Structures are given as structure tokens and as C-alpha cells.
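The following pair of complexes shares a single chain, chain A, combined with chain B in the former and chain C in the latter.
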Partner chain A sequence: VDPHAEPERGGDEQVGGPGHEHRRRQGGLQDVLKTNLGPKGTIKMLVGGAGDIKLTKDGNTLLKEMQIQNPTAIMIARTAVAQDDTSGDGTTSTVLFIGELMKMSERCIEEGTHPRFLVDGFEVAKKATLEFLETFKTPVVIGDQPDREILKMVARTTLRTKLYEGLADQLTDIVVNAVLCIRQSDQPIDLFMVEIMHMRHKFDVDTRLIEGLVLDHGSRHPDMKRRAENCYILTANVSLEYEKSEINAGFFYSNAEQREKMVTAERRQVDERVQKIIELKNKVCAGTDKNFVVINQKGIDPPSLDLLARAGIIALRRAKRRNMERLVLACGGEAINSVEGMTEDCLGWAGLVYEHVLGEEKYTFVENVKNPHSCTILIKGPNDHTIAQIKDAVRDGLRSVKNTVEDEAVVLGAGAFEMAARKHLIDNVKKTVKGRAQLGVGAFADALLVIPKTLAENSGLDTQDVIVSLENEHDRGLVVGLNHNTGEPVDPEMEGIYDNYSVKRQIVNSGPIIASQLLLVDEVIRAGRNMRKPT
Partner chain B sequence: RQQLVAPPRSPREATGEMREVVTVQVGGFANFVGSHFWNFQDELLGLADDPAADAAFRTAPLDMDVLYRTGETLQGVSTYCPRLVSVGSRGSLGSLSSSGAPSLSSAASDQLNVTTWSGNVTRSVEKPHGRNLFLQSLTEQEPNPSTSNGGNNSQKSVEDKDLVECLEKDVNFWTDYTKVQYHPQSLYEMYGSWTDFDKFDNFGTAREVVSEWSLMEEMNEKLRFFVEECDHIQGIQFIVDDSGGFSSIAATYLENIADDYTNTPVLLYCVRDPVTHGSSRNQRDTITRSLHDAVSLSKLSSFCSLMVPIGLPSLSQSSLSPFLSIQDAKPFHSSAISAAAIHSVTVPFRLQNAGPASNIAHSSGNIDMRELVHIISDQGRQNMVTALDVAMPAPSLKDGNDLWNMKSLRTLTPEISDEEEDPYSVESLVVHGVLRAGGHRASISQVKDSVYSAYEGRATKPKFSHLSVSPCPLPIPLPFPSIFRSHIGQHGEILSNHAEGTQPKGSLDVESIPMAARLRSSNAVLPFIERRSLSLQKFGVARGSLGTQILRDWGFGREEMEDMSEHLSKMVRAFHPEGGLTSDSD
Partner chain C sequence: MVGYGIQSMLKDGHKHLSGLDEAVLKNIGAGRELSAITRTSLGPNGMNKMVINHLDKLFITNDAATIVNELEVQHPAAKLLVLAARAQQEEIGDGANLTISFAGELLEKAEELIRMGLHPSEIIIGYTKAINKTLEILDDLVEKGSENMDVRNREEVVLRMKSAVASKQFGQEDVLCPLVADACIQVCPQNPGNFNVDNVRVAKLVGGGLHNSSVVRGMVLKNDAVGSIKKVEKVKVAVFAGGVDTSATETKGTVLIHSAEQLENYAKTEEAKVEELIKSVADSGAKVIVSGAAVGDMALHFCERYKLMVLKVSSKFELRRFCRTTGAIALLKLSRPNVDELGYADYVSVEEIGGARVTVVKNEEGGNSVATVVLRGSTDSILDDLERAVDDGVNTYKSMCRDSRIIPGAAATEIELAKRLKEFSLKETGLDQYAIAKFGESFEMVPRTLSENAGLGAMEIISSLYAEHAAGNVKVGIDLEKGACEDASIMKIWDLYVTKSFALKYSADAVCTVLRVDQIIMAKPAGGPRPPQQGDI
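Coming up: the complex of A and B.
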């Protein structure tokens, strides 16, 4: 069957001269991803052969959409995507950086430099840049009361590269609050505890944070309440349906009467389980205005639903596995696997539980919970591709906040770090290196400029003007980045433009590794070719 | 000890409840099969309401709610769609969008606004897949119901002829001949990063895809949507194209299903396109194929209740060829046979009882999936690999006290022995829509009598056998391939006076086909299992063997290799009396 053709022709088909294959071929990827970068980048709408639409400005997503054939490009793409997997962002920057390193190397090699020197220079430059990053980064004190403002600035910086300003700013508070909600002291942040739900809505693009949980199903009994306040929540993984057990399947009955007996006996076991739940409900709710909600991972069959409904209990079945964990974090209590020995301590609590129906789709909101450690981001959008794109952006935003909390540091953005690092390499590092490896350090330093250059280019600015004016400021000892609206130097600290420390660190780390590998492989190929030459 | 077992009463009878089946299709050929399967169901739905249709269809003997669900769109339009999750590689949906709707025109996508970004937008639009004549005719019908039925008949049949012809020539995707409206949750396209689905040809190639967390999660969520709304799910029927990487995807999917729906039986059909049996180019290929087959069997059988391998290396050369003229190179052809057989197996799951009083007339032998699994795999040997045999068309009953021709059942399961004589075999036979001499539908009791006496007449009787009978034959929908030989009549009867060598007949000449299908657990399947068990030992587990590296590349450590090997050995041992049977007292 027909493989999805390349949505964007990545130029992988370019045929380089003998020996330059790797260096040439990756140019295509870079060109495709380049326009992604920054708040002035271009969004891509990919329409498939069956009319399926995908909207993305994310390097990671775009790379996955492309049917890349060329092995070099695949290698670069894998590195870039691995980058995304570990730090949640920076795919585009990684590809650009590798591309630029290769481009800079190309020049040196054409002038007769052996790739080995470049690789040695890269190694020195990488180490120096990572050390420089340690001094350049802005520490963030996290502690019990993290600096909400700085978290918001990081989130905003990320979101504004994916969504237009108004929408990005609306989401900024949401993602920061979501991460702070699920954060528990002394535990790593598990972003899975933020449920991301969506609803299709005619015109609305709206996103909100629910401190609590939204489930994508409702109760399956007409007499159960659709809205209840002051609810005990029982999170259960107990089968409340009659399943004919294997041994008792049809075959062994000598007569219908005997069979009927077995059926009744098994039914009774299920009923007893339901009865235990009802007893607990009566114990905790009797004489109060409190309600009781059962959210079960296993099935609940109609007779059981009937019994529960008659006892005034709201019951949901087949909740997704991960929601069991989330429910307990959101509402408290514990997830029970057996109805034996249940006590009030097993129960969680929600101030409000209500159902929302959209066509055949039902949603159950579990809200107003006490001290939640799980929450839901609910995205409304007019169509699937809009929802999907907002979802991607929300994930990126969440990652950026999580990274900041875990890094306890951020890095000035808008190209400021790259400008400063380059200056450091040229002024302080290059001269410490002996011989031709200096060229490698220089190439590395220049390659860093691809970030501010691309930001400028995407904003329709003259890249050379921009680089010159940024360099001048840095020479004067000012740490500045690019104002993408005016093209003027700007203090990222004033503008609140911050990037993730771990993302930057990874880009600096992985870029030269791949570039070095490609250079050395090229060299081997070239050597092989020369040996086989008939002359 | 050898006995014919009276049909057990299903819980349906005990409680009067409909019991749902959810269908899962994974992989290219599985979706080809599924497409035909759902076309049969869609045809049944149409015929039930058609006053001109055969009475066998109008009495609605099959409960469609078992396979279908009632729903409603966001706009409030009510829908009736299969309870189905279909998983395929990206691009495999052809001109159907994954939301189940026909695709958007490229002009329409140009009009779309991007509401989330104020900056530049670039559009990259793939060439849309064309909709063939048949698909066009489906959408044309709806807004234009006014075509009068008076003198238009001749013209209409010309049009239908064109549609049938177009399908014979122009089927690239399984969606090219589907006439069913799918639910937006049903279709799932896999987006594996840089996975070349063309080379997705062995268990190892899917490693990367399976390890992508979000992908399995999305597949699980789609299935949960359909299972959650079931009040009394009887089981999941799972069709997998296990010839390549989808086998691995299905194995992971099945494992999740076993975790999430612990007591729900899963009936697994492993279907293969005849073309996948191509000869290997070199030794490495041969070993890779053998290991793939072995690993697939081991992994897939670990997480299902009953496994039915379907897929002869050639259907055109098979014992079905006296009646059917199948082109092996066309998945459109070969998948139709598997679909028909699977349809027959599902018949007992949805036989309706109109109430105790009229019970006799309508059907006999309804069982649910759990009971079927129990009959086949828990009686006699503990063997869950089952052969599927089919009679397509099933022979008519002759007048008088006659034995139904058991020999008309031809197997669709590859690599099994012809050994019929196994006193420990367990069978479930479904016979539906069978005719009497003279072209009348045979009554339930006539069929039962005839089949029972045929069983009595067998030299070695199976240990257990179960029979289900329904008067409702297999309907032949328009988009069914033209594969019937010229001596097959309009109702699937075998004509004695026919002209040789004429064109194969299709849906325009043949309305329905009487069918029989049999699931059989017997020592005939032993070679199938043994071969895989041996190849895993020979190529994989033995130290220093060629295949060890291949298995390692697929991500299997030594311990896991040994576990798989042991699992297969255990399956083989079930056939050896000292290993499996305890009641060998005769």
C-alpha cells in the first residue's frame, strides 16, 4: 500500500559530489525546519491524501511526519527527536545546529583542513561551551514556594513559539498552575498526572484548567444523578459484572435446573460485592447531604447499575487505568482492588461531580477537590487539527515548566546565550588551542550563530545587520538578544525571554557528537573511493 | 465417550440479554478481510428491510446489535456503526479520512483558517487519492434518491456492471470497496517515525512503533470507547495480518487487552495474503521468515483465548478452486474468502431467539464466544490453535435420509495435515442458509438430522462436536469480487448443467451462498505448531545459531527466547498423550 509521500520534500534527494554525501544531504532537513524557529516562524499545514490535516510548528512533529529515506537525515532526525524525548523541546535547534556545524566544516575541508582537526576542535569547544553555560545560566530558587513569575516567563517563551500571543498567554498560567498542582515535594514531576482532555466545540477555542479530573465517559444508568455535590469518591478496580467463569461454561450441566442454580450463585457473588459498596455508602452518607460516586476500572453490568442507582450511588465503569492513579491523587483515598474491608479512609472527596453531554460523547467532571495532586487541562477547539496543535503546545509548555523546576535554572533567550557563548569561544578559548584544531573551535563558535540568524531571518530582518549590532552590544559587555519585532538588541531579562537550561545543554552536547560522526564517516568513504580510483 | 453434545443454553437465553462483540482489525490484509466482513453485515442490514429480499434475510435471524452500536453525531444525527477498531499503517486508508468521512477536497483545505497562529502559514497538500467509480456511486446515491424504478432497471444493471468491473481492476486500498459507514473512533492510522511500512515485514521491524507510548495508548483508548458502552460483552474478535510487523503490534495490543479486560475472551484470527508466502531469496531470509512465524505464534497465542490461522499459500490452487476462481495476486479476492469464513463463525454468537415458543423455527445452537472458546480449547487437549474449514458454497441436502457431505469442508489453515481421524478432536460446526434439492431452504431440523447422521457415519468420531444452524445464507453484496465459477447458481446452488469455461460470476449473478464453517482442534494442526517450535529451537535458541543475532536485533534477550521456545514446546506437548490427556481410558 501506498506510503504517505513526503509532506515536504526535504531535499534529501540531492546528490552530493563524491565524498560529500553526508555533508550535503542534511541540508534539506535544515531548510525544512528552519522556518519553524521562534515566535515569527511559519506554521505548516500538512494535508494528507485522504484530506487529513495536521498543523504544526514543532520540529519534532514535523520530523515524524516526513518520510525521510536518507540514512544521514534519519540519523540527524533521530538525534533531534531523542532531544525532544529527554527535554521536550529543541528539535529544530538541534537540527539547525548540526546543519550549521556541517556547513562550517565544509568550508574548512574545502580549504584543505582534515576533518580530524575539526572534530578535535569541536570537542574542545563543546566542553568550553558547557562550562560557559554553567556560569551563564540564571539560577532559579525552587524550594517550597517556587518563583511563579519566572516559571511563567519560561512557559510563555515556549508557548509563544507555538501559538499566537493571545492564546499563548492564556495558556501560560494554565500550564504553570498545572505543574505546580501535581508537584509533590521530594518526588520527580510526573506530567502524566496532568490529564489533557479535549472537546470539539463549534467555534470556540478555549482552554481551562480543572483542579480535579475530567473523565471521557458518564454513568450508564438513566436514574443516576447527573450532578451531585459533596461527593465521596470510591476508586475501584473490582469486577461488578456477572462473568461466567470458565469451569461453569455450558457444558457440564446435566440439566437446565442445575445450570440455573449455578447462574444464580454466581450472580449472587456479584450482588454481594455491590451490596458491600452500598453498605459503605449508607454508613458514610446516611443522614447527611453527602453523595457517593463509584469510579471503577472494571465493568459494571446493568443489574449492578440498577442496585447502585437505587441506593442513590453514581457509578462509572471502565475508567482508564491511568485515571485510577490520577483520581487518588486528585481526590485522596486509595484505589481498592477488593470490596472486603473497605473503610471511610479508602474514600476520596470531591465538592462537585457532574456530567456534560455532547452528542454521544459524555464527560464527567470531578471538581472542587481538596489539595489535588492531579489535574486536567481541557482544550476546546472547532476541529481536530486545531485541538491537536494546541495539545502539542500545551505539552511543550508543561515540559518547559517541569524542566525549570528540575533544572533550578534558566537561560536567557532570544539568541543571547548563543551570542555570548560565541564571544567566549572566540575571545577566550580559541587561543588556548594549538594548531588547526582552532579552526574547529571557530567553526563551532560560528555555528552557534545559526540560532539568532534564523530568528532574524524568520522575522524578515537582515541577518547580517542583526548579527553585527548584537555583536557590538556583546563587545560592550551587554548580554542582549534579538527583538524580533524591531530587529534591535533587547535585554531578554527585561522582556522575560527565558529558555530551558537542560534543553540548551542537550543541544550543545548532542550537536557536535553527530556532526563529528558524520565528518569522520565521510572521511572513510572518501578514502575508500580514492583507493579504488583506476588511475 | 464420543458424543454429540446438545447445544448448551447461552446466558442470552437465561437472561434475555444481547451480548456484544467488539471487533479489532490490525494490519493491511486484516483490514481487507474486515472490509468484506462489514460489507456482508451492511448487506444483511439492507436486506432485512427490503421487501423484495429472500425470506431468509427478512426474518432477521441474526442480531446485528451484537456487532453494531447505535450512536449519534455531534449534529444529533443518529448512527449505526460497527463496534470496530481498525489499525493500519499511515496512508492505508486511501481516500477515506481517519474520521470515517470521505476526504476533504483539496480546494476545501485551502479555505481552512489557522486559528492558532497569526504568523505565516505554508500549506503542503498531497495529491488526493482518487475515489473509484464504486465509491463515487455510494455518495451519489444519497442526495439523489429520486431515480425512478420504472423502466430504469436495464440501465441500472449496466451501471452496476461497471461498478463490479471497476472493482476487479481498481482496488488499491481496503477502503476502495467498503460500503460501510465507520464510526470516527474506529479507524486508526499508525504514525511510526521513519518506519518504512513497505518493509514492515517481520516481527522486529515494529519495535520502534510499539515502543512509542502514545501509539499504544491511543489504540487502547479507541478500544475502551467501544468496550465501555457494552453492558455484557461476550468477547473480542481480533483479526491480525500476522505476516509482518503488525504481528508485533497485535501482540502488544493483545497483552494490553488481557490486562484491561481480564476475563473477556479474545478470538484471534491470523490472516495472511497468499502473496506474502513468496519464496525467500537467501538463507538469511528463510531464517528470518521462520523465526518471524515462530515468534508470532508464541507471542500472539500467549494473550488470546483461541487462535485461528487462516491463509493458504495459494487459493487458486487450493481445494476451493472447483467452485471459486480466485486470483492470488489480488487481496480483494483472497480476503473475501477469509471474511466469509469469519462471518460464518460469528453466526452462533448472534442467533436470535424470538422467545421460547418460536425457538425451534429460527435457529439452533447459539453459543457465545466464551462457550465456543471453552468447547474448543478446554475439552480434550489443552490446545488453542484451531483450524478453520469452510464449505463455500455448502452443498445442498438431497432428499430422503441423507448424510450431509462433510468432505465439502476445505481447510483455510496452512501447514496442517490432512489427518481427519483424531478421536480427541473437538469441533464446532456452523451451517447456514443450506438448500434442499429443488432450491428451497432446508429447515433447521432437516439440516441437523443430516449433519448428525453424517457424524454418525464417520469412522472416527470427534470427541466433542457442536452444531449451530441458521437459515440465513451469506449475502453477496455488490462490492464482492467475481470469483464464483459458472456452475454456481443464483442462490449458491451447484448447477449440474452448465457451460464450461465461461467468465467467473460475481455479485450480479449470485445473490447469496449457503455456507458451512468449522473450527477444529485436532492433531491436524500439530505440524503447524511443531514446525514453529522446531525453527525457534534450531535457529534461535541453540547457541551460536544464525538466528540468535536476528532475535537479538528484534529486542529479545536469551531468557525471553527460551521462554518463547518453552511456550511453543508446551503447545506441542499438549498433543502427546503422556503430556496432556488424562482420561485415556478406552
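Coming up: the complex of A and C.
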């Protein structure tokens, strides 16, 4: 055995018993994230090593930025990250739920219950809750014309927990429209087709959805047009610059005239390609007021740019690869890889192309496209941390809409599901379980309450009061959630508070698994520190 | 054993602050201290600051944007205010000081409210309501008839620009404003909304005094002409971006020579080639060649022979501006330019100003081109400060091109806002009325600071201002010279509506963000050499 290995035994054996250490650690993580939950949660300020500021209310972002070192906390944080990857939301809830499960178990363990029984109980309760979720969910019919209202409600519920209300409501429309825009009936939704572009400009409420594309670079030639209407868009992946040959070649000449010839010959190939594009432009645009825009993934060197500019073509070089895909979806046409045999069918179309300059940065807007299947969410904000905050929120909002479309179901929010599930567990499930596993089911049921409890706490309400009144309503057979403004029970259906089905499912699924794993660990043995490194 | 709580989970060196006392009040304190620094620089009588940045560069200025930028603020909450000021500076180009000072005042009032027992979230609600109301009132205070202005009318431009420039260079605004206004009007395009700040250049030349400053319609290049021809008038200009020299292939070339004769011949053909090119340029009618890169010796020789003036402009952006000034199109390679690719300049000449040789390019007719303000001053730092004042003036012009509405200056608007917000707060029923009242009170900071900086009795002035405003004279502000109240429309002190509304909005935003934060998690500062310690914030 490594002599430096130090067993980390869980605290005071008599009081805590095995696993106590974890629960303590977990408690710390829970404390940090607790205040994040819900629309009334507070903001955390993270300051990076270089003094950069990040403001967030999003559990996932927080966990990512916090640089956690403790093994137990890392385990929980990973679960939360997994939660984020699969469903895009609910990270805070996951951490809270795990924390609460541990807290409830601790109480039982202190009374002498062996963790094994609790774990068995969790297993039963988890299964029952998932079954209950199936009956509890509200199905949503997603046809060719999805119900915008319900999508908006889901998006709003998610966004309001990340941003302040006014902005959240504005983003709600944006994300719902964005997802519906890129949705193609027989294909899975690819959220990458929504470009998220940010500009440090004006205020956060100037964030908007652009049906089209925004590129974060401009044309590199001073004489190109800054603004053009009725444009053909040529999406290309053709190198329009002179490339050195692979082999080590050299020219030999003996007078200046010969050299001049070499110079032109060298460029001829590139020039021919440019000429082809210009010919196409002349063919489709001649005699009309239409314009021509080339967006190239590869480079365009200054002489080529010059030729294009003279022909009245706007050319953008070095576009991002993913933007090439999006361009084709937004404007139509196809991305060409060779200038041979181009026809009008290869071209896309946009009503308006213009350049916007912000200080040093240039942006090119491709707008007013026909029938787009790709769009851009243009985030604006006065400073970087606002932009980052909105960006995270938009990502989560998009996911929540996507999830709804894919799940074809939503779950009532505002703590209503948790209350109902608890009642179901206590009333129906607990009695069917034999032996001490009942305690586990009970702990699980009580742990579910952490969501409404924290919601109430963050809104400055009396936790006990709220829970009791909510329980009363549920006992009377009404499904209610918490109105965080008044502290009164409220019907989430009336208020339009809906959560994602897959988010809830994931929480219920992963929470008990991690909690069980942690409960069954009784000793942490850490390898000794590396001797070569001075400690 | 590691400690309890979050500290145990993080890496060493992390700091975690949470709760009202530790986070919120500390943040407020930091913001307040930052604003205490800038506050004394507010207004025409504001004091200058001497800032020495980490590169030991000396700044003497009362421009808040410069001060806070060079301060390298570390504290995260104070940084939020700095960011707000920076945003204001980028968006409007003026009013950064108002942003920080007002935000500091709001934070101070927020602290009082917290001590009274209000929860930060209630303050945020109140402040948000108040800022919305403020913008409404501000709309109402706009001077009638000011939304339509002729941006080419010098009088009107100076009127709007004066307060912005005066707050940076008090006493010199009467010299500077007409200069800036002239320069701006000259380059103002057909559609004033497209006014580009970049088209007004500043050339700083040490020596002389401010009164020697002038405006040049065109550009002032800070270098000499390359050849011997130093002055030409009414000429065509050819611009070559790629340099004036023999052309070369991209691939490496080797000259193949078999005999001495060939070597001689080669040099001759080379010469002939260059001569042919230069001759073709000269034939096209151009008298000035501008090169974006090196000018070869041989090419220069032929230029001299064909009596061409040669200028070298090594910056790409400067070259583009040059193209805009003269209307030329930059050619990539040395070749015969077409007639429409040639530019035109009325006057290109090398002049000696204060010991420095500069090339003045004038173009009286090119309406939409470039204008340069030539600033003269005795030291570099004075020139820098003058430049900042000119920049502010130009930015103000840009803003007024987009939105020309004006509101009374000299703290008249602030007092009116304070008064009306107080009335508004009385109508609110919730706890937020306290926050709204405090928001209104914060506006008193402006007249107070203005009069304090001018050495006047602040309380007296504020109370008499209130009295005047209560009597319905909404345009009454402080006359700093007389130390009395005076109508802003008589004093002709006007502020731009956009500047004020953006500044107030940015500061309210920043303050609400600071108040919303209840936990701070700070990573260990990254390694690397520490900048020299300065007054910790």
C-alpha cells in the first residue's frame, strides 16, 4: 500500500456513520445552487483567473465555471452536466434533488437504518415515479402546425429562470420562431442550424431573430458595395487565390519581359475561375437591378477581389464551414465545389445583403430570404457578460422547445408535478412495499419536495406554510403549483407554466442513481500526493 | 480535514463571497469608490487626473472613459460600472462620466435602502420602474423643434457640441467647437445618418498654441514626400496598394544568365520595363503616385524623370482614407491606370509645421471625403487631451446626425427629473416607492457635483433650483460663472437627448446587475508578472 495514501473516513463514526462525509460535501454544493432555482433566483458572479466577469443563474454554467475539486462534488456535478447534455435544462433541480435525497437518507441512517434498504426503496420509488410521470404528463400534438402557444409556455418557463422577466418574454418568441423556422417535417431538429451571433452594441432588449444569416466578417475590398438588394447568393468552396505548388518549383527567366509573362501565367488559372463567376453574374443579372454575392469558404486573394469588385460582385472570403450549410438552408441553391458548369439553379437568393461595421468588427447580414430553413439569433448587449448570459439562456430555450417538439408532451411546472408525485408515492406506493425499504420510498417522496420548497424560499415566502397549503390542495384532488409572487397555490395550466417532459424524466432517473452510489460508499481512499511535486 | 461548505470543494485560492453583507454591500462600496474618483472630474470645472498606467505612460485628463480604462479596475463589481462606461463611450462617445457617477450615486442610495431594511430585489424593481419613468420624462423635456435640425448649419452644430467639449476643455470650447464643427460639416455625407467618425482625422503637432490649430479639407500625412518634388497643385493622383517597384512572381524566380552580355542586357530590360510602366502612369495624366509599400530606387529614378511626385503611405487604413479623399481607386499592381481610377487633389504639398515635415493633401471640392483637424499644443499630453475633446465633439456630431433632439443642460434636466420622480414615487403604493424616490434623489448628484467642482455652495444652489423648478421654470440650471440660477436656453447650454438617455440607461442597468448579484466566486488570479500595485479598488 502506498504509504502516502490517506484514508478519508467519514467524519465522526458514531454520529455520522459511513457516507457522512459525502452528505456534508453535497450540502455545500446544494447551498450554492439553491438560490439559483426558479424565476426569483439570484445571480452569481464568477470571476475568472484573468479577472473576467461572468454572471449566471444557470446551474450548468455555474458548475462548469466553478472548478470543483472534491470527488463527491465532481460526481454530482457530472450528473448535472449529463442532465444538461441530454435535456438542456434542470441542472439546478438535479443537484438539489440529489442533495435532498442525501439529507433525507441521513436522517434515516442516524436512526440506524442501513443504507442498503434506503437504496432499495429509492429503486422502487424511482420506478413508480416514472410510471406516474407517464400518466401525469400533458400530451401535446405536434403536427405540421405545432401549437405555438404551448411551445411558448415551455420556452418562457425555462427562460424566466435564466433571465429577468422582460427579456425572457422577448426571447421566448425568438426561440420558438427560430425552432419552427429550422424544423423540417420529416427530419430531426438540428439546433446547429440556428446561428447564434453576438454584437456588443446597444442594449440587451435589442436582441432579435433574423430570418437569414449574419456572418461575422465583411468584404475585404474597399470598393465593394456595402448594401445590395435582390441578390443572388453563390455559396462556394472554391479557392480563388494563388496557391503555391506542392513541389519545389522555380521560374527561370533571362529578361524582364519573360518575367512579366511568368507573372501573368502564374495567375491565369485563378483569373479564369474568377472569370467564370463573373460570366455567370453577367448571365443572370444582365439588364436587371439584381445583384450578385459570392460567399466563399476558401480564400480570395486581393487581385481576385479586385476583379470581382470591378464586376460589381460582393465577395466574402473565408466563411465558416457551418455557415456554408446554413446559407444553403437559408437562401436556397447549393454549395458548389467547382466553378465548372454553374447554372442559375445553384444560386440562392436573398432580398437584402448589407454590411454593418461596429468599431473594428464587420458583420454581414443576409436577410429577407425566401422560405428559410436556417436563421440567426442576433444577441446584442452592452457588455460581454450580458451577452454570455443571454447566449446561455438562448441555448437552453432552444433546447426546451426542441425537447417539447420531440417529446410531444409537457409536464405541469411550478412544483405541481413534485407535489403530485409525492402524494402518489405516499398514498399508493409506500404501502405496497414490504419491510424497511418503505423508509427509502418515504425519503424519496419527501426529497421531491425540495423543488417547491426552494422555489418558496427564493421568493422570500414561508416554506412550511407554502408546502402545507399546497398539500391541502392536492389532498382535495386539485393539481396546483406555487405562485411565487403571492405564495398562494396556483393552477400551472392557467398560468402557462410547463416544464419539459424529458427534463423531469432525466431528473427522476439520474438523481436516485447517484444518491444510491454515494450512499453505498463508506470510505474514500485518496492516492498519495505525487512526491516529485513539492506540495 | 477540509473545511465545511463550498470552500472545501474549490481549488485553493478561490474566494467565495455571499450574502448581503459580504457580497452586496461590498460591491456597492466598490462602485461608490470608483465613482468618487471620476466624480470630481464631472462638468466644465472638473479637475484633471494624472493617471500613470502600467506602461508608465502619463495621462492628464478629465475624460472619465480614459481614466477608468487606464485604472485597470480589479474589483468585479466596480468593473461592471467600467464596462457600462465603456459601452457608453463606444456607443455615443461622450457621457462616460455621467454613467459612472450616476451609477455610483444610485449604489450609494441603494445601500441606504438596504440599511433601511429593503431587499435588493425590491430596489431593483423600484429602480427599473424609475428608469422607465425617467426616459418618459426625458422625452417630455426635449426642446420643441429641436428634432429637425440642419446638420450643416454651423451655429446649430456648435450649440449642441459645446457642452460636450466644454466638459473636457473648459474655456477652449469656443476655439475647438467651430473647428470640429467645420470639419464634421465638410465630410457630412448626403444622408447624415451615414456620418463616419473615421472621416474626421486629428493630426497632432507639437508647438504653437491651440489658436494655431486649423482644419484641413483633406488629409495631413505625417511624413515627407519620397522624391524631390514637394509641391503640386490641381493634379491627378494614382494610388498603388502593392508598392511601386518591379513586379515579382509568387513562386521563387531565378534569373538564368549565360554570359556577361546577358547580365548587362537583363539589367537593361529591367530598366526598360520599369520605365515603360512609369511612363504609362505619367501618360495617363497622373502627377502624383501614392504607394502602399516600398518604392524601388529604380522606380523612383524614373518618377523623378517624368516629374511625378511620390508619396509613401504605409498604413493600409491610411491608404484607404487617402483614396476616399482623392476619389482614387487603389490599383494592386503598377500598371497604367484608367481615367476613372485616378483621383484628384487640389493641392499636395510638403509643409513644415513646428519642426515636423508633413504632407498636406487638400481637396476642396470632394464633398464626402476626409477632413483633418490640425491641433497645436505645447506638449504631447496636452495634445492627447485635446484630441480626446475633439473625439468627443466628433462623436457628438455623429449622435446628433442620428437624433438631434436636445434637452436643457447645466443640471436643469436633472433637477426636473428629480422633481418629477419624487412626485411619481408618491403615487406608488408598494415598497418600491422608496427606491423610486431615492432614484430621483440621485439626480441631485449632478447639480451638487457641478457646483462643488466650481467651488459653489451646493445645498444653496440645489434648493434655489428646486424653487425655480417648482415655479414652473423647467429650463433653469446652474450658471457656474455667476454661481446663480439661470435659464439654460439663455446660457445656450444644451445636452443631446441620446447621450443622456443612454448614459442613464447604462448606469441603471449596471446598478441593477450589481444589486442582483448575491454571490461571488472568484478564481485564483492567473499567474504571470503582477502589474505594479496601484491604489487598490
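Definition applied: the second predicted complex is superposed on the first by the 477 of 535 C-alpha atoms of A that agree within 3 Å, B and C clash if a C-alpha of one lies under 4 Å from a C-alpha of the other, contacts with A are read in each partner's own complex, and residues count from 1 in each chain.
Methods note: a residue touches a chain if its C-beta (ideal position, glycine included) is under 8 Å from a C-beta of that chain, and two chains touch if they have at least 3 such contacts.
Everything numeric here is computed off the predicted structure, so don't read it as measured data.
According to the stated criteria, A:81 is in contact with first (chain B), second (chain C), both, or neither; which is it?
first
Looking at the overlay, does A:167 come into contact with chain B only (first), chain C only (second), both, or neither?
First partner only, chain B.
According to the stated criteria, A:147 is in contact with first (chain B), second (chain C), both, or neither; which is it?
The answer is neither, since A:147 touches no partner chain.
For A:266, decide between first (touching chain B), second (touching chain C), both and neither.
In the superposition, A:266 touches chain C alone.
Kindly classify A:40 by the partners it touches after superposition: chain B alone (first), chain C alone (second), both, or neither?
both
Identify the partner contact of A:134: answer first if only chain B is touched, second if only chain C is, both if each is, neither if none is.
neither
Of the partners chain B and chain C, which touch A:299 in the superposed model: first, second, both, neither?
first
Between chain B and chain C, whom does A:31 touch in the aligned arrangement: first, second, both, or neither?
second
I'd like to know which partner A:222 touches here: chain B for first, chain C for second, both or neither.
In the superposed model, A:222 contacts chain C only, not chain B.
Which residues would you name on chain A as touching chain B in one complex and chain C in the other?
35, 40, 42-51, 53, 55, 65, 67-68, 164, 200, 242, 244, 249-251, 253, 256, 259-260, 263, 302, 359, 382, 384, 386
Would you pull the chain A residues touching chain B in the complex into a rising list?
Result: residues 1-5, 7-8, 35, 39-53, 55, 57, 63-65, 67-68, 74, 77-78, 81, 163-165, 167, 200, 205, 217, 220, 239, 241-244, 246, 249-251, 253, 256, 259-260, 263, 299, 301-302, 317-318, 320-321, 358-361, 381-382, 384, 386, 389-390, 393 of chain A touch chain B.
Which stretch or stretches of chain C touch chain A in the complex?
Per the touch definition, chain C meets chain A at residues 2, 4-11, 14, 23, 74, 76-77, 79-80, 83-84, 86-87, 90-91, 119, 121, 241-242, 246-258, 262, 265-266, 269-270, 272-273, 320, 323, 329-330, 332-333, 505-506, 509, 513, 516-526.
Of all residues in chain B, which touch chain A in the complex?
5, 8-11, 14, 17, 28, 71-76, 89-99, 103-106, 108-109, 112, 114-129, 172-173, 189, 191, 193-194, 196-198, 220-221, 224, 227-233, 259-260, 262-263, 367, 370-371, 374-375, 378-379
Could you list, by residue number, the parts of chain A that touch chain C in their complex?
Going through chain A, the ones touching chain C are 24-25, 27-29, 31-32, 35, 40, 42-51, 53, 55, 65-70, 73, 164, 200-204, 222-223, 242, 244-245, 249-257, 259-260, 262-263, 266, 302-303, 306, 359, 382-386, 460.
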